Structures are given as structure tokens and as C-alpha cells.
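Okay, so subunit A shows up in both of these, paired with subunit B first and subunit C after.
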Partner chain A sequence: MSAVMQSIANHDAYLAGLLPTPTTPYEWLNTLRTGAAQRVRTLPFPTTRNEEWRFSDFSLMCKTVFAPAIATPALTLTEIAPFLLPEAANSRVVFVNGIYAAHLSSAVLPAGVVATHFSAMLTNETLRAQLARHATFQHEAFVALNTSHLQEGALIVLSKNTACATPLHLLFISTASTTPVASHPRCLVVAESGSACTFIEDYVCLPTATPSPTYFTNAVTEIVIADDATVRHTRLQRESVAAFHVGYAAVHLGRNSCYSSNSITFGARLSRHNLHITQSAEGANCTLNGLALISGRQMADTHTVMDHTQPNGNSAQLHKCIADGGAHAIFNGKIFVRKDAQHTNSTQSSRNLLLSNKGRIDTKPQLEIFADDVKCAHGATVSQLETEEMFYLNSRGLNANTARNLLIYAFAEEIIDKVPVASLKQHLSHTVSSQMGEIV
Partner chain B sequence: MISSSSKIILEVRNLSASVAGVGILKGINLTVRAGEVHAIMGPNGSGKSTFSKVLAGHPSYTVTGGEVIFQGKNLLELPPEERAHAGVFLAFQYPIEIPGVSNSAFLRLAYNTLHTRRGGEDLDPLEFNDYIREKSKIVEMDPSFLDRNVNEGFSGGEKKRNEILQMAVLDPTLAILDETDSGLDIDALRIVASGVNRLMTPNNAVIMVTHYQRLLNYITPDFVHVMRGGQIIKTGGKELALELETRGYDWVHA
Partner chain C sequence: MSSTLDALINRPYEYGFVTDIESDALPKGLNEDVIRLISKKKNEPDWLLEFRLAAYRHWLTLTPPEWANITHPKVDFQDMVYYSAPKPRKKLASMDEVDPELLRTFEKLGVPMSERKALANVAVDVIFDSVSVATTYKDKLAEVGVIFCSFSEAVKEHPELIKKYLGSVVPTADNFYAALNSAVFTDGSFCYIPKGCRCPMDLSTYFRINNGESGQFERTLIVAEEGSYVSYLEGCTAPRFDTNQLHAAVVELVAMDNAEIKYSTVQNWYAGDENGVGGIYNFVTKRGLCKGINSKISWTQVETGSAITWKYPSCVLIGDNSIGEFYSVALTNHHQQADTGTKMIHIGKNTRSRIVSKGISAGQSNNSYRGLVKVGANAADARNYSQCDSMLIGATCGANTFPYIEVHNSSAKVEHEASTSRIGEDQMFYFASRGIGAEEAVSMIINGFCKEVFNHLPMEFAVEATQLLGLKLEGSVG
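Moving on, here comes the complex of A and B:
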């Protein structure tokens, strides 16, 4: 039996089969990568017996052998035009199958703003100080796997008191290829004190036509927000419906900092996104919005952790799932309010729309409070389209399909409306309505 | 008074209907001609809303007998949206809120769907904006309500005005107003009533379901029907409403 075949038979060895052959010219990086590779070899492949992965069975991906991408296909700007944002025409960093694509990128930025790829600046102080410090891999097999490959990625740095008005677009394109490809995108965003920026982390696939390509994206993002800084983060997962996508984002909040996240999931056969936010100083503000809109045989699992460790923090979270066909959406949102986190104000709402009796939605809000003087509220609902709403629209002349689509659109729109980039918001609205059959 | 030679718009014959297996309507007969206003009055639970919803095609209600002919068509075999296309409109007793959809987008979608079905042209958002602002005046609705989500956070009176605005946009041949007057203060009542009066023509008709006589001070009915136990047990002119107001329903017998 070949090595590859053996790793397929044994899921625990599967991820080790995706490890890179080492060495980079940087010793610190090699040490990091070797440590991560070691964890990949020892951590089991997550199964549904693991509480954190209870509903997301990724064993299907083990049937496919993924190879690392070696060269980028020669994509042109015209080909990627559907993904380009006019607001970010000169603030775009593009990767194709994990490899930086200089000819598709354009970053002409004001002083104090860096948006680039980082493989050419691995000696940079800021980078070395922050990279792999926030997304720890000790207990996360996929983060360990990503880290074992660490050498390339997107870097955003906002210098002290710099506000960047233009949104920064990090575009990760996966392409169809003869052998299914695995890529391990990495982002590091550092907002120094008093700075502000908006960035879009965007996972897409080309071609968009069927048959949908199979590939594996294993992304890790670290966001460090210093005192009084603001980061507005939009994460878009619109991978091919045959792809596997695992993402982990670690956010570190400084004193009186602001973080807002709009996380939107449309794609992938199986996807999992972890968002882990640590409020590590007093008075941070967090707004978390999420939307998963899936159908067919898709599965989308979102796990969030909001960890209030210090006083006077605010967090407001709204997560929505819409599952049609035989799709399965999962939301697990933990909020920790630690002993010292007095006067925390935290809300969480999970609202879900189940469109078919073959679909499934599992939602689990979890509140763990160790401080005594706090305001916390959470709630979860799973509903279906209401007969009364449908009848109201039908009685106004809209047929059953249009009425249904309008109600789904309305449900999704509450999240899409919060995306802070006009062209993207419009595009997403359009995607939802055309997915729903052109209604608005 | 309407001449009895006006065209018949609606003919209900011996209509029975049930919901959740329970018979509610028990043989209703009603003829509505062009230009007429019919008031249907009756105590709570007598079946007025059920009758309204059955005419509009609510899927939870099962017709168990009788027939409904609307402008020569068998209304009961049409799904609700086709009844709307044919010219039936129901103003809901409890209008539904639709968060996430702006009132103007909803009204435009409804307008374009209906008017293209009737052979008219689509209006683009700009054209529709002019059109709807003009129509809003019929119910003295502030244009800011057009930008808000459908009925979301509207007061009871605002919802009812929005129903009449929808009636104005959809231009029905038969409008069924289910307790459009309930929950309105006297100013809102006057506005809603004058809106309905302005929309009346010799070619359309209105069925007003109401609990109280006061709406009938503003919209004069040609016929007043008393419903009880799922049947129309008495029919008279507008003076019947006044009698009901002073004597209640108990004296009325089939």
C-alpha cells in the first residue's frame, strides 16, 4: 500500500499527509513550522466524537488526496473582474491557490498603511512579533497544519493613528486543476493604536461555472487591534460547492478598541469557521454579524468565541443561518465573561430559517459568566416560512416562489446590509436574490 | 341607490368552509354588483374574517361546499395570487410585518407583478417613486413610511393606512376590508374612509367587514348583512346598521 493510501485509511494520519517538506531560509520560521508539524502528527483528525466538532463531519475530505499548488495559473484581470471591488481598485492583494499573484494585485496606499504579501519580508519586526502569536495551534489540528506551511500570506499594517479610508481587499482565488489542490492562506492584520481600517477577506473560486472544482482551503487569520484602534472585517466564503473550507480567525482586542465582523458563508461542500475573539484590555467594543445561506448537500459550521477577560467590554452578536434542500447549518456561539470582566454588556442572537424538511439547523448559544455585575442576554430561534406571511404576499399578487424568495432575501438582507462596502453589499444582495431567482 | 341592472362582480352561492376540521361557514349567499358597498357586521367569532380569507384564498381554510363566481370565473379554483391578478384584494384585519423589505420595494414588486399580468408596463424605481408618492396622498401617508420595512414598527392605524395604500396601488375590482376601522382613532378613521371613497368607482365594489357602525358614517353602504354562526342571517339597508348599533345583535334571527 502506498503512503497516500495508508493515510486515507487512517484519518488521524490524513493531515500529516498534507504536511510540507520543510525548510525556509529563516530559522525562526523553521522552528515554528517544525513545532506545528509535530502537532499535526499528534493531534487526531477532528471527528464527531469531539464535542467541538459534534455536528461537522469532515471525514468526507479524507477520500480526496490534495496536492500543494506549485504554480499559479495565468489568470487575467478580466477573468477575475467579477470579484473586483471598485472601492478597492488600488488596495487589493490577490492570491491564486495560495500563491501571491503580483500582476493581479494593486496596492497604492496612503502613508502609514501597508497591504501586501509577506513572504518577502519575513525579517520584519512587526511580522515576527505577531505572526502565530494569536492563532495558537496546540489544540487545533487545522491551525497547526496551516502554520506548518507558513511562509506566505497577506499582511495589513496600520501605523499609529492612521485611518485608511479605502477598504483593503484580500482576495483568495482557488482554481480548477487536474489534481485537487490544498492551500493554506494566512492573513495578519495589525492595527496600531488609534488607527482604523476596513478589510475584506474573500475566498472565491474560478471558474464559477459547473462542474464545481474540488479543493481544500485551510485559512488562518490573525487580527491584532491595539488601544483605541478600529477594524471592520468582512469575511466572505464563496468557495465552489464541491470545495472543503476550514477557517480560523483569532482577534486580539486592545483597550477601547473596536472590532466589527460580517462573516458571510455561501459556498463549500463542507465548511467550518472559527472566530475567536479575546478582549484583553478594558472597554473594547465588538459587533459580530454572521450569515450562512446554504442549500443542496452543503454543510456550514460556524463556531464563535467571545472572551471578555477585562471590564467594560461590549459585544453584540447576530448570527443567521438559512438552510434549504438537504443542507445542514450549525452555529455554536460561546461567550465567556471572566471574573474580572465586570460591567460587561453582551448580547447574542441566533436566528435561523429552515426552508425544507430535509434540511437541518443546529444552534447552540453558550453563556459562561464568572463576574457578578454584568448584562448578558442571548437567544436562539429556528423558524420556517410562515403561512401567514406567505399568504399576505400571495394576496398581493406574488406567486409562491417569488413570495418565498422575498422572505428569504429579507431574512438575509439584515446581515448583508451591514457590509461596509457599497459595491460589495450590492453584489451580495444580487447574489442572494439571483440565487433566489431574481426578485428585487 | 345602485340599479339592479349593474354588472354582477361577485356571486357567492351556499358557501361552506372549515378550518382544522371544524365547519365555520355554513352556507353563505351574497351577490355584489359593480358600484356597490356591502357591509358585513356580526359578533366576534361569527365567521367574518373566515369569509374574507376564503374569498382571498387562504390555504388553511377548506371550502366544503358551494361556489364563488368572480366576474364569470370560478374563484375557488385559483391560487391567491391569481385571485389578486383577477382583481380581488383583501385588506387584512392584522397586516403582516416583513422585516428586511422596504415598503416601496414591496409595493413596486406587487405593482409590477400585477400590472404586467394585466398588460401594463413595469415602472422602474424612479418612475415608481413618483407614482407612489402621489398615491400616498390618498391616505395622507408620510413618504418616510415608504422607506421603512413593510409594516415593521407601524402603529395599528399606520398599518391600516398602508393596507389602503396597497389597495390604491393594486386597483382591485373587489376590495374586501376586514375590520379596517378597528383600532383607529377618529382622525385615522376619517383618513382611511376618505381614501376608500376616493378609490370607489362605478366599476368596482367594496365589502366592508366591521364590528361597529361608526365606519358606516363615513362610507355609506348600499347593503348591510348580519353574519352569525357562519351564515348571513339578515340583510337590509344602511338603517339596519343603526338599529344594530342601538339594539345589539341578539334580536336578529334568521
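Moving on, here comes the complex of A and C:
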């Protein structure tokens, strides 16, 4: 018993051990950071005793001591070429181990569009007004930890009625290093009224070859969508299979605004993604798509909250998990329909493929409804591949292995197909098919 | 909605029964001495006392669960009387003395005249003698070897069976309220169906007439031996009054090879007034163990009463090919809160489970479905289908769904569906255009909504349950 208590106490102290020491030249930021650091010291390390972390056990990461990255390794454009998107050749902001890499970034953008890093513009009014306003850290230890490090991050601002045709690529690269590194990436996206953009939040690892490096990414993204604005968000998590990844995204929607999210998880030993969406005005629209494709000893946990607070909102969610080997996939999707949110139309579907008896899937779609004139439905399924479908493909001359791979590929493709950037879509399809073995 | 009806339904409940305070009651509070005294008063064997004490000692280490979606003031467990001898109720001379509210309910529900008297505690006439009816039933059951008696009686008459099965499904350490029940339970029912026996009658029929005061901490144990079948019903559609605020019952079911147990509940305990004052806290642990191959346990519940319901009738499917079923209608009105659902634990191969849950919330009430479907690593080809539908009546109530799905086996197939709807103005308009009044229309819509569950109730109760829901919802629509 005492050993258990000891280990819990150690875990609680663990996050405090990751707190930063230096302060910034900005007083408002220091106040924010100190407040967050205070929360890190008081909030317990999330354990499976906490309902929100019931299935995702992160205690494994406490065995490793992560240090902040000090200097950026000198990567070249050629080295990061596999991650570059031709569509976003001139709209790319790159960070290496959480540090902004000017020589890898390129942002030649039309008027009214800003895509940059924000450490140099911490006096900016928009930034000060929005930063850390939406991703509250009072109850989230990892968000607090990220906020306590707040100084650098990616910033996208779209001026009123500006539509940005080119996708904006935010690339976060983690590299192998002698001591395991912790980075705390931060994104802030502000879409002013009537604007529209597509952005890609991309977490990758270099080198891609084995042995996979161990590191810790603790990302927080805030997206503020004003009235009538549209944001298309693609989030890719392609970390090394030995990495730890915790992400939190807070989305705030204005009147008649639109938000669509494609969240794709391939990597990390243990990963957790929280997506918290608040429809704070009437008539907002959300489309959420998610895919976790994991195997081996990976664990991927996705928690989403869709909060309808005002009338006439729409949301449609489809989340898919594929777990092979000893992998463990978790999905928890909450939909809240508050008292005033009459005429809300909300659907949610969690579909899961469990391919191995060593694997595990836990899913919990959750509805909390406090308004009567609403349409809400959710569904969840967990199964293996349909024998009828296998039989059909076999009858067409495909052998069992090919048929299996084809069906899994098709299952994943439904989500990948929704990614709005052609080259990326193709790349992801390729990743899935190569993971499945050659099928076509 | 007619104003007379409104006035009737909104009238405060008056307790129709006089309860004589028994001198045989223990003082308030709970400690080991109280438990020893309970055990002594009931002349229990030592092993049962040990069972109680072990449960009590464990209970002391526990804290009341707070995860449920309910709010209530803290229950003071030292401010309760844990034992009082069965209280004889004052016999009423004729139906004229019965609370007119109760009579109206009987009328609405269509309870047969003969049973009304028994339920209202009116001295029965010569034609309908509950004692003789009970005796007839008892003879009939004894003939086929079914044991059906009170728990205390079973402890004396069949100690070996009680010893073998008590706590085998719900261990004393299971949860806070189960531990409390194990420590202080006073009575309940025991039912044993021997090998190959198909119980000749629905135990419900018997039960309804003979059901005495169930007591605050009730314990039910049903064992169905190989190849047997029993249908059991607890509770009653008629409103039940009870001065005990907290009810913590434990129900254990054991089904052996090829056995089937069908357990139906209709619960209509006092729900508090329309301002949420008073009412019963119903914190129940119910679990069935499908121990043998091809065994089947089916729970059907209609929950309309209690201020707070906290109840998850579960099935542990150990035997290969075993089946678990859960059919539920939970209705909350005014300030009632219900957090109810089921757990289906698939352990054996080829096990199947089915969940159909219908929640209806009205007034300022809050109704939650909380369910768990767990498929163990060895439960090859397990199959589950769950469906939970909610209906909201009015804009001030809440409906929540918390389904947990945990799958460890790749050959399992688990499906869950949930939807939310309301009684639409267009539906009401349609009924009105056909000359059907608001009240009847609501009743019909609700009926259609709950049909799948009512189909699984014993016939006479299905009819009454239908009426009951309509009755409970009077005044909420229109």
C-alpha cells in the first residue's frame, strides 16, 4: 500500500519537475505562467482513478525524465522533405523540438493572412486578448504544464472577410537526442468574422528509422472562429512509436461559423488528444472526423467534448479506431446540449475495428441533453471484419490476407478521404496501405 | 388537461396508513453491537453473524459513491434505525376508509377488485381470502420442489443453500451500499428452483398478494438449478409508501446450465412532492450470474418512483452460450433523479446480451442511462446489442447517456445506439385532429415508445404499467 502511495506521490511531483525556470520579459505572460505553474504543482498526475483518464494509463512516462530542448539541431530542407506539402510550399511554419526554425519556414502569404511564430510579437493585442483564454488549465494538468512554458508557438490570424486559398502548414518536428526531450508546442488560430482557412497541425519525428526516439510532446491549440468564419483543421499525429504525446485543442465558435476537424493518429507509444468545442453562439456547424490506426504496444486515447450552448447548432462526428497487435484504442465523445440550445442537431458515431485478441478497445459515446426540441443520436460499434465481406472478396479471387488488408484500408480511407489537401491525402493513404502491406 | 385532474394529481400525498411505533425497535445508529443484536433477534447461526460483521468492517473503510449523476444531501448513516420488528398495519374495515388517491390509482391501473383490498390493507372477505390463496400456491410449489420463502425462514430451513449462495454474486465488499446491506439486512426472499423444474406459476402472482413489508434493507436470492425456469416479479404498480428514506437492497440471481431466470421489477415508491421534498433514495445492487452453459437471465424493470434511483441490474455471463437481457423503462418527473442502466460482463464463449433502455424525463427531473458492456479476452464470439432512447417532455429536464464499451476480444461484436426525441407538437396536433385528447395522446405516444420493454413484462403488469406511465405524466404535457 505504502509503495502505491509513494508511487502516486512521485507521479504528482513528476509534472512539477517539468516546470520551467526562466521567466519572460513580459509581465502579463509571467503572471499567466506563474498561475499555470501553481496549478501544475497542485493538480495530481492523471491516473486511471480519474474518470477522465480511466482507460489511459500514462504512468509509464514517469519513468523517463524529460528535459527541455536547448538548441535546435541543424536540419535541412532536404531532411524534412518527406513532410513538406507542395500546396503549402510558401505557407509553412516549422518548429523543431518546440523551437521555431526560421530557415525551414516559409510564409509568403496574401494580405490579411498571418502565419508565423509568436515569441517576437507578444505585445500584439489580438494575441494578448486570445492566448490562453480558451484552453483553460484549471482542471487539466497537461494544459497547465504547457501554459507554464508559454512563450513560443504558431500563430495564424485571418483578417475580416479574408479567405486564404492555400493551406497553412504548422509542422512540429521532434528529433532524436541523447537525453529525452520535452516540448510544449502551442498554436493559436484566430479567424475574424467572415474569414476562411485550412490549416494542418502536423506532429512528426526525425529520423523516421528505428530505433524510435523517446520524447514527450505536450501540445495545446486554441482556435477562435468569429461569426460567419470557417476553419478547416487537420491534425496529424505521426510521432515516433516510443514517444508520449498529449494534445489539447479548444475551439470557440461564433454565430453561423463552421469548423471541421480531421484528426488522424498513427504514432506515439501513449497518446491522448482532447478536443473541446464550444458553440457559443447560434447556428454554428461542426464536422468532426477522427481516425486512430495503431498496433504493437501503442495506446491512443481521443476525448472530445461538443458543447452546444445556443440554439440551431449542428454537429456531426465520426470517429474510427483500428487496433492491431496489443494496441489499445480509446474513444470518449461527450455531447452536451444545454438548456438554451433548442433545435440542435447532433450526431455521433464511434466505429471500431479490433483486429487482434491482445488488443483492446474502450469506447464511451456520451450524451447529456437538457433541451427538449433537439435531434440527437449516437452509435458505437466494435467488431472485427465482416465474414460476409471477406467471403465476397475471397469469391472474387482475393486471398485472405489481401482481402483483409483491403477491407481495413477501406475502413480507414473513409476518414482520410475527408482530408482537404490532395498531396497529404495521397500520402496518408500510402501510409495506411504500406502499414497494411502491399494491397494494390 | 382538465383542471379537476390537475388538482387531483397535484394534491399532496397523505399517508394512508397508521404506523404504530414498535417498542421492539433498536435505537438509532450502527455499530457491531447493533449487528450482533439484529443477528440475535433473528436467531441466526454464527456464520451469518460473521458474514454480517465482515461486511460491516469492510463498509467502514468505504465512502459513499459519488460518481453517479445525482445530487442529494449526505445520508447520515448513524441517524437511522437498523432494526425494528415487522410492524402490523392497522386493518381497515372497508374500502371506504382507503385513501381516495389510492383508490383512484387502482381505478386507473385497472387492478382487480380482489387484489385492491389486499394491497390497500383492507380486511378481506370470505370469497377472497389471501391466506387460503397463498396456501394453495404454497402447496402447488412444494409439489414440484420449489422453495419459496422469506429469507429468515430460508436461513433456518435451508442453511446449506444460503451458505453456498449468499454473497456469491454480490460479494460483501462489492460496493458501499451492498456492504451496508450485507451487514444489516433484515429480511427478503429466497427462491430455489430444483433441477429440471419449470416453476408452475409466475412467482409474481403469488408475490403480489403475499408481499409484506419488504423492509429497508431487503435481500433476495434466487437459484435456478440445471434446466429450470422461473419468472419472478418484485414490486407493484400501486404506489408504495414508506417512511424510510434510504433503501439499499441486494438481489442475487444464479442460473445453472440451461436455466432461465426472468426477473421483473415495477417500482413506484414515493417520489417526493412536486418541489422535490421527501421521497425515497433507492440505491440497489442487482446482479445475476449466468453460471452454467446456455443459461439466461433477463431483467425487466419499470422504474417510476423514488426521489433518486441508483440501480444497475447486471449479468455476468460466465457459462458458454449464456444470454443476458435488460429491458428498462425509467420515468422521472418533477425533481426525481434516476441514474440507472446495466452491466453486461461477457466472460464465456459465444455469450450474448441485449439492452433496451427507454428513459422518459419530464418536469425538472434528470434521467441518466449508465451502462457497461465488457467483453473479456476469452469471450470469443460475444455479441451485444444496446439501444437507449430518451424522451424529453418539457424544456427543464435532462436526459443523459453514459455507455461504457470495453472490448478485449477481436471476435466480439458490440453495437450501441442511442437517440433522443420528444413529443412533438405535430404529433399532438395529429392526435387532436383525430379527436383524441391530450392526455390520451401522450399515453399512446409513451406506450409506443416503451412497447419493446412492456412486451417483456408478465401480461397483467404490462397492462398496468402502461396505465401507470400515463398517470405519472399527467399534467406534464399540454
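The working rule: the second predicted complex is superposed on the first by the 430 of 440 C-alpha atoms of A that agree within 3 Å, B and C clash if a C-alpha of one lies under 4 Å from a C-alpha of the other, contacts with A are read in each partner's own complex, and residues count from 1 in each chain.
Rule of thumb we're sticking to: a contact is a pair of C-beta atoms (placed from the backbone, for glycine too) under 8 Å apart; a residue touches a chain by one contact, two chains touch by 3 or more.
Note that the structure is predicted; figures quoted are calculated from it, not measured.
Undergrad: Could you tell me if A:426 is touching subunit B, subunit C, both of them or neither one (first, second, both, neither)?
TA: After superposition on chain A, A:426 lies in contact with neither partner.
Undergrad: What is the contact status of A:339 with respect to subunit B (first) and subunit C (second): first, second, both, or neither?
TA: After superposition on chain A, A:339 lies in contact with subunit C alone.
Undergrad: Regarding the shared-chain residue A:368, is it in contact with subunit B (first), subunit C (second), both, or neither?
TA: A:368 contacts subunit C only, not subunit B.
Undergrad: Classify the contacts of A:392 with the two partner chains as first (subunit B alone), second (subunit C alone), both, or neither.
TA: first
Undergrad: Does subunit C touch more residues of subunit A than subunit B does, or is it the other way round?
TA: Looking at subunit A, the partner in contact with more of its residues is C.
Undergrad: Looking at the overlay, does A:409 come into contact with subunit B only (first), subunit C only (second), both, or neither?
TA: Once the two structures are laid over each other on A, A:409 reaches subunit B alone.
Undergrad: Between subunit B and subunit C, whom does A:42 touch in the aligned arrangement: first, second, both, or neither?
TA: Touch partners of A:42: none, neither subunit B nor subunit C.
Undergrad: Across the two complexes, what residues of subunit A are contacted by subunit B and by subunit C?
TA: Overlap of subunit B and subunit C footprints on subunit A: empty.
Undergrad: Quick one: which bits of subunit B touch subunit A in the complex? Just the residue numbers, please.
TA: Going by the criterion above, the answer is residues 53, 56-60, 79-81, 83-85, 89-90, 92, 95-96, 98-101, 105-106, 109-110, 113-114, 117, 149, 166, 170.
Undergrad: Under the touch definition given earlier, write down the residues of subunit C that touch subunit A in their complex.
TA: 67, 375, 377, 390, 392-422
Undergrad: Would you pull the subunit A residues touching subunit B in the complex into a rising list?
TA: 387-389, 391-400, 402-403, 406-407, 409-414, 439-440
Undergrad: Along subunit A, where are the residues that touch subunit C in the complex?
TA: 51, 55, 339, 342, 352, 354-384
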